[in-house]
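Two complexes come next, and they have one chain in common, chain A, joined by chain B in the first and chain C in the second.
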Partner chain A sequence: MAAEEPGDACSSSAWRRRQEVPEKPNYALKYTLVGHSAAVSSVKFSPDGEWLASSSADKVIIIWGAYDGKYKKTLYGHSLEISDVAWSSDSTCLVSASDDKTLKIWDVRSGKCLRTLQGHSDYVFCCNFNPASTLIVSGSFDESVKIWEVKTGKCLKTLTAHSDPVSAVHFNSTGSLIVSGSYDGLCRIWDAASGQCLKTLAVDDNLPVSFVKFSPNGKYILTSTLDSTLRLWDYSRGRCLKTYTGHKNEKYCVFASFSVTGGKWIVSGSEDNLVYIWNVQTKEIVQKLQGHTDVVITAACHPTENIIASAALENDKTIKLWISDC
Partner chain B sequence: MNLELLESFGQNYPEEADGTLDCISMALTCTFNRWGTLLAVGCNDGRIVIWDFLTRGIAKIISAHIHPVCSLCWSRDGHKLVSASTDNIVSQWDVLSGDCDQRFRFPSPILKVQYHPRDQNKVLVCPMKSAPVMLTLSDSKHVVLPVDDDSDLNVVASFDRRGEYIYTGNAKGKILVLKTDSQDLVASFRVTTGTSNTTAIKSIEFARKGSCFLINTADRIIRVYDGREILTCGRDGEPEPMQKLQDLVNRTPWKKCCFSGDGEYIVAGSARQHALYIWEKSIGNLVKILHGTRGELLLDVAWHPVRPIIASISSGVVSIWAQNQVENWSAFAPDFKELDENVEYEERESEFDIEDEDKSEPEQTGADAAEDEEVDVTSVDPIAAFCSSDEELEDSKALLYLPIAPEVEDPEENPYGPPPDAVQTSLMDEGASSEKKRQSSADGSQPPKKKPKTTNIELQGVPNDEVHPLLGVKGDGKSKKKQAGRPKGSKGKEKDSPFKPKLYKGDRGLPLEGSTKGKVQAELSQPLTGGAISELL
Partner chain C sequence: MEGDGSDPEPPDAGEDSKSENGENAPIYCICRKPDINCFMIGCDSCNEWFHGDCIRITEKMAKAIREWYCRECREKDPKLEIRYRHKKSRERDGNERDSSEPRDEGGGRKRPVPDPDLQRRAGSGTGVGAMLARGSTSPHKSSPQPLVATPSQHHQQQQQIKRSARMCGECEACRRTEDCGHCDFCRDMKKFGGPNKIRQKCRLRQCQLRARLSPVTPSESLPRPRRPPPTQQQPQPSQKLGRIREDEGAVASSAVKEPPEATATPEPLSDEDLTLDPDLYQDFCAGAFDDHGLPWMSDTEESPFLDPALRKRAVKVKHVKRREKKSEKKVMERVKWKEERYKRHRQKQKHKDKWKHPERADAKDPASLPQCLGPGCVRAAQPGSKYCSDDCGMKLAANRIYEILPQRIQQWQQSPCIAEEHGKKLLERIRREQQSARTRLQEMERRFHELEAIILRAKQQAVREDEESNENDSDDTDLQIFCVSCGHPINPRVALRHMERCYAKYESQTSFGSMYPTRIEGATRLFCDVYNPQSKTYCKRLQVLCPEHSRDPKVPADEVCGCPLVRDVFELTGDFCRLPKRQCNRHYCWEKLRRAEVDLERVRVWYKLDELFEQERNVRTAMTNRAGLLALMLHQTIQHDPLTTDLRSSADR
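Our next item is the complex of A and B:
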């Protein structure tokens, strides 16, 4: 179910007409999606831009329309909470990571679970497809990263990646590299074909890395640590180029994202119930989206339109869609 | 991007065996696509099996011919394959759909097919006992290339790296360089051996980078030339080869030779035994001999375009040779650097004092300057290894991977299914056959495909009763039998091999025994593509 709310623009239209390069976005709440019965853990837009998938602690995945927020279907099958969900590149399959130590591959059209990937010995926390959608990478509380073959469901490689739970895994845009972040404060980059470790970034010695992902062109890594800081790294030189602060992130693994459809922003959830948006270059906070009533655990950006989806924990349980002009 | 991180010493050569690609059919020829992501293998039963090199699994099977496939070539954008079979047919296939676009029937068996490196519309065909023919696919026309000596028609040909010229060689050692568009002769020379005896040219191979090429001749010497030198020598020139490579000890004849991806190494497969010799091109020294199973004969050798990996075919099985995977332990620590040699470290006078007086002020300005840099998160740099020197961007429409649908496992009891009173309103079409449709790639459940156009090519003075050399070879189990697959009793690979082969079909590290291998093969015979394969089995 979706409800449309009155707009909440925060910059005047006259100002917008003057500027060529957008200095600030004007995201306004468009839809609130209600349907989950427990905290939402992750939302992701499909690569073709049609759907939004959300995973939740109520053990189900719900598919919504990306443009109208309409409920589409529910995917049942996991026996415990789901922590993450990811789309395949052709938008036909989903993979979900759950506390029941398995990952499941779903066919979106029929809503059926195609395959269950078993092998982890503890909660599976994060998952992603590679761009060719022939491999799935997963990170788990058992401190390992596993690479699975989509076709047969077999685990091709297990990387003894970290010494603490793995909080995030991501392929780069060509599928040749995997980045993994963990509570041990390290980010590691792996060669996808051989499983060799190529580089380690010590993001912070004492602080868990709660989230990591590649930039759209694969040149930079965005990391989030539990000291309320987001950092942008040039991993080939091992240098931190930008730091984004101002939000609150000390407890949960909050998702962040690059928004590149209009102006170039960094979007992240926060534990003070707001969605924060920073300018990539200047590092200033350009907008804070208000509306959730609990920790905003995840924020995702639409692949082609200026739409942000955000979701919050159990006091809220809703997903909100925000739309901007730039 | 990671190629730079990986190869700190530049591209090398493989050093040991790294398993096999085993499928039901017996492999005869193999070729990598331009990026090395897919390997097309032509088989004894007429099928083309396309392997995804990243997962080492089968991505697609095209039931191409009825007779063995003897030559294959990928188009530049990876969308098309051209194949030749021993019944004299050349066909072009669309890789994604598995459909045949066009067919050409020749009067004599085909030795080699090759796409023009830059223009997918042109295909070079080398029939036996005939001058090479260049086909234009769009209008199904063909042009017979001029030869030096009309009485000798055992000619092999190859495009040069950019497709500007065609090099042909005949049984008397004469090499002609023709311009592709006009077939004008721009250069020629004769390969002589010993005391000006002529030697037959067996094949001409070009490197993917640079202007070098090699000629494999019947006198068992591999000659490496620079293409630019040939052109400057002009007609009836006498260019000197850059290198002359041979096995002086055993006088090994060479079955197939090729360059490495960067053109720095040359691999040659022996025609007598299962051995691969690798030379360094610039120095001409032999750097490695890779030994396969004794008693097997090599059929084909291909070097991966980017990585130090070689695929070789013997006894119907594709063997992969790669580098030893040494874990780079220093990559696990963020500030460790691997050194090649010991470095003397001079410590400062006050380095280990509690209060370091001599230490210079840390660079504060440096860190701030970095934070002001423009960061570009969206523009993509083309990968240098994949681009030719005269091209700026990668082809965005290129086909690097084949889409793979996950196989559906047996439906399990689902205790966590939807509650019985919930209404599952699905607004999408619930095609029950949608999963099956996605799995089957080339079988009868699809709408009838349009019949491919078949063109008969007439060539003057070509004998009609020639038999392809592949069919004539005996004693290796490569008969015309369609029922392929390695004989279950054969212990050749396990007994004599110096290495432990790993099967890339769901191998979980179990030791290979005859019984488990048989089980794996039985699993493989599950038709993934529906009706077409079960007909052949």
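Our next item is the complex of A and C:
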């Protein structure tokens, strides 16, 4: 491997591109953020890279500084545990999905809840903005996927998507497609405008899908199933291209993420308290981050820097920030 | 064939005689006719058929009869008795009969040939109704006779078996006649003192075949081979209850099977778990539905979840789905995964528990109350609280703060807070904007003073009427303009005046105000601020324009208009209009309008300043709260690498 001094390596993306593709990242623990009083369910970096939002079973959302790890704000308002949180593209709004069957849109600056979206008949489990931040898609235990308009708060469409709780929903980078995954083992791709189901990927017979996500270029889908496997699919052909194993995921809906700021990695939490990082192409595990004392339920990657945020469940309740040179 | 009785033969005493009257047709009844087109009833002992009309039994009455014996048989054998039906079975069998036997509609062989089967059926199905038993007018009312054990009696017993869409009638549960009184469904029944919300049959009486729920029995609860650990973390209760829901996908079931602890290490199922089975049934029925925990749960915190879960289950009955096509194993797995999801929602259960169980502490004996957590306090804590009194709580809180806060403050100051920097930059920006707003304000004030000066100077001009005459008004006097406020047509010459007055008239009928008087220093005349006692508001119109509260002063005859004249709209000539004010139609109310213009600008600038104040206040509060006591106590950022204070790469900073 070409000698790269860890000290000055990868300090700017342009410089990095001229070098060889790094073989392994060297994520090291930098910050531990303590503050939640119950299991953390989701952490997300804001698109502008300044903030980190974390949602938790203690019914609040906490915003932290992404670069210094300092506490910024707490958003109160939900009456039951929050399962997911997502940023709008301009980093001014958040949407949160909660067990009280509602979603709330928050203005980060003022900390106030702008709108409450009601309509689901069971726990809302996952939520996401579209790239234009005009729509919100949400998946729920009532087996439906709903598309909401941000401005008015009205539910535009309800897709009777699955026959089991919907565990993940995501827009692609253009906002034209929605992917939804569910415990019934299916991944469905929908046209965002018309609500038509374009494709169904049967990941494995009856194996619950715990997480789905589009890749940043929109060509692939990353699915995570409760048999400790992550798969990368070319959804237009319906073929599984890569499989990533080695971690443990049999119970929880663990988030996974693409890390594209340095080397191309797949980052995922795991139930054995480690954060796993795989090389996208070679499928090898390149690093395992240790430090949490409970199931690592979520791992998020910073949009511009090589920072990973990971959070764990009840026994741990902390969020850890890791930084790498590549 | 029609037997219309035109040739009646004298009725024979012996109804057994099937003597043919030349037509080869079997004859029946006491009338000895082959007519079978009317309603007939068959005797269960001699198998002779009788017309309903002849023996005066209607079809309706016959529905109520299960066994019927003709008069002769009854007289011959005193043991025969007409048996009537139970009310419900009468209806059912009546239905059956109706559907199975055609009604008399005339023509053809509507009545099937009496055969033994039919007879039995008819014998059981027809008969004198219960009405006869009740009533006293029927000649066929049977005298009480001892029971005869006939085959039909066996049918009678059989027909007591209830069958319905939800009851097979044959399983153990269907055979039960009494409610157990202990299960959750029974306890909901009114007769056991329940609120009658769930309204289901006793659990032990739910049909094993057809009911939506099936009861738990020990034999059933030993499930398929246990899955190997460590993937299976919860002990058998989950499997037991999972059994109940095996053919359903109801979400509520998973709530029932919550695992004990989040931190439970995967343990292989021990043998002692297995031996609990026979007792489990009893416990399940008797004790499990109480709030006081379930026998197999070790963690008392988790225990009462069953009740809310069951409540949930009862509510969610309609969401049940059938999953027979999937294999059992898969269903079990899915059910288990679902319930794991619920681990995140355990807080909800705990929350419910808190509200459900304040009285539980009372129920405990005082010796088991926990000790107050106050420093150095040995008294028992109040029920529902961690402390014996407020003082103890405060002392503990103070100690905590003394211990933890300095450390947190130090941590905070270790590294620069990026949000602080943002805040500072924001404040800078706001300051600058405030500065510019203030300069604008000063500008406004200057214009205000200028205007006043102009007006003053204009007043001092002398009237020179002959300068501009009225012939300048070359407007057509025929053209009529409609006033915008009242809609009447008016002469354009006086239009301006009229419209002003008209507008003032309408506008003064509404008020526009707020609760607070204006208190801005440096604002000489901005808002009207007249207090309206009825609506308790201060008028917030511009003072110069307010139609309600300022009347135009009467114009004296010699007052000059004085409006500065302009050439080409914008250039001041330096000259003034000399016409008397009363006559000048072009510059009507020019002072008022100009003053209003300036005032409006000033008001706008004040609003802007106000907004900026607001923003600044927000930013300041955010900055103070960020490192405030509460925030520091509740949150903590541990820095593992003292050198790295900022995670941004140097190029981005």
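Just a few scattered comments:
The definition used in the following text is that the second predicted complex is superposed on the first by the 307 of 326 C-alpha atoms of A that agree within 3 Å, B and C clash if a C-alpha of one lies under 4 Å from a C-alpha of the other, contacts with A are read in each partner's own complex, and residues count from 1 in each chain.
Keep this in mind: contacts are C-beta pairs under 8 Å (C-beta built on N, C-alpha and C of every residue); 3 or more make two chains touch, one makes a residue touch a chain.
Just so we're clear, the structure is a prediction, and the values are computed from it rather than from any experiment.
In the superposed model, A:256 makes contact with neither chain B nor chain C. Applying the stated contact rule after C-alpha superposition, one finds that A:221 touches neither chain B nor chain C.
Of the two partner chains placed by superposition, A:296 touches none, neither chain B nor chain C. In the superposed model, A:40 makes contact with neither chain B nor chain C.
With both complexes placed on chain A, chain A has more residues touched by B than by the other of chain B and chain C. In the overlay built on the shared chain, the residue A:30 is in contact with chain C alone; chain B does not reach it.
With both structures placed on the common chain, the touch criterion links A:323 to chain C but leaves chain B unconnected.
Contacts of A:103 after superposition: neither chain B nor chain C is touched.
Once both structures are placed on chain A, chain A residues 59, 70, 72-73, 110 are touched by chain B and, in the other complex, by chain C. Here chain A touches chain C in the complex through residues 10-12, 28-35, 38-39, 41, 50, 57-59, 62, 64-73, 80-81, 83, 99, 110, 122-123, 141, 163-165, 183, 206, 208, 226, 250-253, 294, 304-305, 307, 313-315, 321, 323, going by the rule given at the top. Put simply, chain C touches chain A in their complex at residues 231, 249, 251, 262-263, 321, 326, 330, 334, 337-338, 340-341, 343-348, 412, 415-419, 618, 622, 626, 631, 634-641, 644-652. Note for the complex: chain B touches chain A at residues 1-6, 52, 54-55, 57, 59, 307, 325, 327-328, 331-335, 370-371, 373-381, 383, 400-401, 403-409, 411-412, 414-418, 422, 424-432, 434-435, 438, 506, 508.
The residues of chain A lying in touch with chain B in their complex are 59, 70, 72-74, 76-79, 90, 92-93, 105, 107, 109-116, 132-135, 149-154, 156, 172-177, 186, 188-189, 191-194, 196-202, 215-220, 232, 236, 238-243, 258, 260, 264, 280-281, 283.
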